[in-house]
Amino acid sequence: MSDIRLEGISKRYGDFAAVDKIDLAVSQGEFVTIVGPSGSGKTSLLSLIAGLQQPTAGRILIGGRDVTNAAPQARNIGLVFQSYALFPHMTAIENVLFPLGVRGISGSQARDRALEALRLVQLEGLGDRRPSQLSGGQQQRVALARAVVFKPDILLLDEPLGALDRKLREQLQIQLKELQRALGVTTILVTHDQEEALLLSDRIMVLDKGCPQQVATPAESYLRPVNRFVAEFLGSANFVGLSDGRCGLLRPERVRVASNGEGKAARVVEAIYLGQAVRYHLETDDLGSLLAIAPFLDKAFAKGECVVVSWDAADLWPLA
Amino acid sequence: MINRRRLLGMAAVGVPAISILRTRSASAQAKEIRVAEDGGVATKAFQSGFVEPFTKKTGVKVTLESPNPLGKLRAMVEAGQTGTVLYTGLGSVNMLAAKRLGLIDPIDWGAVDPAPMYPEAKKDYGFGHQYFSTVMAWNAVVKAPKSWADFFDAKAFPGKRALVDLPQYSLPFALLATGVPVDKLYPLDVNAAFKKLREFKSHVSVWTATTPQGPQLLRDNEVQYAVCSGSRVVGDPALGMTWDHGRLDVGYACIVKTSKPEDRVAAYKLLHEMSLPENQARYAEIFPVTGPNPDLDQYLPKDKLSTYPASKQNKAVQWLENPQWWNENGEAINKKWQEFKLGL
Amino acid sequence: MLAGSRSDSLKDSSLGVSPSTVHQAVASPSCGEGALLVTRSSGYHFIVPGFGFLIPLLLLMVVVFDAPIVYMLALAFWDKAQGFTLGYYGDVFEAPVYLRVLANTVRISVVATIVSVIIGYPLAHWIRGLGRRAKMVALALVVLPFWVSVLVRTYAWIVLLGNDGLVNRALQWLGLVQAPVSFLYNELGVTIGMTNVLLPLLVLPLYAAMARVDDRLLQAAASLGAPPSTIFWKVYFPLTLPSLAAGTLLALILCLGFYITPAILGGGRVPMISNVLDTLINVYPNWGQASAISTILLVVTLLIFAIYRRIDQTTSTK
């Protein structure tokens, strides 16, 4: 287990910067998620850390050791791909034994460790199956076991749950978090799924066009984003003009919707029932369209109804 | 790589079921006949020399098919095909094999009514329509051999040799090299011939499998002396050759066993055209191989008589193949030949 | 079955790797792996709807492909004069010269195939690593000889490697050798010529298999700590092995029937069974003898195929 530092890491192709001067320090045992839309450079950044590509500028330090130009083999990193990248000609346990074998660990010791890793991802008894005989979720767990069995300094996860359906993904997210905590391994996850980022991470880095926008805890990022891009990427957002001319972020769940009282008049354009809440698409006279998420208590306002909206001044977060 | 000829043979074998279904033509007069022949330049010569005058006189069209190996004839007959009536270019040994296997029928010489022919060309089962020679040839830069003894003498005539990879084209020459006179060649002393070949084997760098191979090897200077087809080397300034003690063989046209009677009537008329010296001369103009008419020389250009395998002057210095002997002994000798080739 | 479709598609592609499976389906439909029969998880076999539409095709196959083979096999047991006979086989085994030619053919074929693999595998791997355009050029160059007649290619080798050929003239001009080197008219010449014919047949399926190997598998192996040699032998090579085996087998079987190339480049000094068969079919027409030899050749080929199937099964299923 080690910490990892990125210092001014860039990857350029001619004039185009896939990754642009990124600084990041991940402390030992921390779980950092890199989020961004597709093409934002998050997978490129992961490839640079794993050593699959070489940066055009900057340094990478793992546990204080400069690994910028080290081969992937020399970095002791566990890497999990979205496509699982399991060796199709090997059984599950052979896949998990592979990194131990190349480290000269064999025999019963290796087998015990591989079985322990499979147990950790709840795949006891499936070790003798080939990848083609396993479901997608099972394959992903084998890939995870293979990436942690050799006690890597860093665990890198590239959209590991992206190919799975929602329910399975939620289940595996929890397992992943538990596993990461149990092993205490420094982890960097790449995803485009903001909910996954908020759920799993100690800190989140939001990337746009190769540039880091904000590195902060999930709550900080959500409640106090540094700019409009971060605010829109993490969750839904309303933007309200402030008296000093700046733009203020108003999260939809902070908007109160009432039939009368103090506030601004609005008309319900659409009301979508979400179960525990209702999402309203509203039209106001002076603020334009507004999104609100209100708890569903006894009844909801219907489409076309006139309502009054209001919020606390403290819920407005001024953006730079 | 499956040989093309073998493929054709195999394909023909698959045909019987289909050909039975075909209805036979009841018309007594053939409108078109099919003839198998050598292919290449020979096709052009055959067309111009024989087919054109024949069609002009009879109105019957001729379709030429090639190639014409013995295996294909056997496949055709065993499949019961009735299309091809005349199978030309069968060497004397092959003609006897075809007769032995019952693949061909005797020729109705009365119906052919041929112009005069050499006796070896006028056989019960075969109309000898072409004479071809196998001779010694060399690259013009090396010392010219005068006899087969010279050809097989690597000390006095240094250089690499190419011989034909078939016993009937190699054993007789080896035996002549030991000093056996031409008229005592047959019955062939097989053991003496193989003994000579074994002694000489190290000087043979190529055993040729195709006819064009020998002249090509000489021109590329891959070998200096080669056994070649006479008409393929004569007149080439880069090469030397002699007709002396060359092997002269006759190619026969034969009536295919399963052919239709009305086709045969037309085929005999075609054979008649093939016997006429003026037609043979036109054939030789395109493909320098001559026919069976004893007076043919008069119809050929005087300055070119030395280039034809069977002009009187060249025929006199060569020996005729003995098909009966090979028909009786060929297969047994092929086994010995393979043993010899393997060095056993 | 959340990811059922994915694992199914993987299975399909693993079937696609081995052409023998398709072949087997034609040969013995009862095994239930091929196009005609569908295996359900319950283990029952169902005939595909529309099977009737295949009957004309099957009949054509039987008439055009199978009937001639049966006829060919029967020729060795039938003599016009005597009826049933074992004489042709007797001849083959009494005078074993033909068997020795066959053994020689197998030996040469194995050598040519091994040389083709030694050249073809790295070549295919090299092409896999090229850029898009270079890859197309390289593949075109590999395939190009396909469109040139075997005979022309064979003579081209003489121009290049003959005693008076380009290579020998260059060597002598450079003073490296005194007398021309004998590249041709020996087993070396046959090997060169046969390898030239075989190479595209090996390189194309090998390249296809290599292109299918996901780069991420190799990256995963590297990230797991495997050095390049381990990545090659434990991951890359096993994934290309089925195609290598299939390609090698195909090449070997083709070699057994080579005719014109060994005849010309071997200078006729390297006897091959096809040449013997040609003589027996077209010169002496002793088809019975030819059939007996062909049958033995067929048995040898099927034996090689059986060995391959055995290897294929033990490596692909557990």
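Here are a few things to note about the model shown:
As written, the chains take the letters A, B and C, and residue 1 is the first residue of each chain.
To be clear about the criterion, contacts are C-beta pairs under 8 Å (C-beta built on N, C-alpha and C of every residue); 3 or more make two chains touch, one makes a residue touch a chain.
Since this is a predicted model, take the numbers as computed values, not measurements.
Viewed as a contact network, the protein chains form an open path, each link joining two chains that touch.
The innermost chain, defined by the distance from its C-alpha mean to the mean of all protein C-alpha atoms, is C. Comparing mean CA positions across the assembly, the chain most remote from chain C is A.
We define each chain's centre as the mean of its Cα atoms; on that basis chain A and chain B are separated by 85 Å.
Chain centres here are Cα averages; for chain B and chain C they lie 36 Å apart. Rounded to whole angstrom, the centroid-to-centroid distance between chain A and chain C, based on C-alpha atoms, equals 51 Å. Chain A meets chain C in the complex at residues 50-52, 71-73, 75-79, 81, 83, 85, 87-89, 91, 98-99, 102-103, 128, 130-137, 139, 146-147, 150, 156, 163-165, 168. Chain B contributes residues 1-3, 5-6, 9-11, 13-14, 17, 69-72, 74, 93-94, 97, 101, 160, 162, 165-166, 204-210, 213, 216, 220-222, 330-331, 334-335, 338-339, 341-342, 344 to its touches with chain C in the complex.
Interface of chain C with chain A (complex): residues 1-4, 6-7, 10-11, 14, 214, 216-217, 219-227, 230, 234-235, 238-239, 318. Every residue of chain C that touches chain B in the complex is listed here, in rising order: 63-64, 67-68, 71-72, 95, 97-98, 100-101, 104, 150, 155, 158-159, 162-165, 182, 184-185, 197, 254, 257-261, 263-264, 267-269, 271, 274-287, 289.
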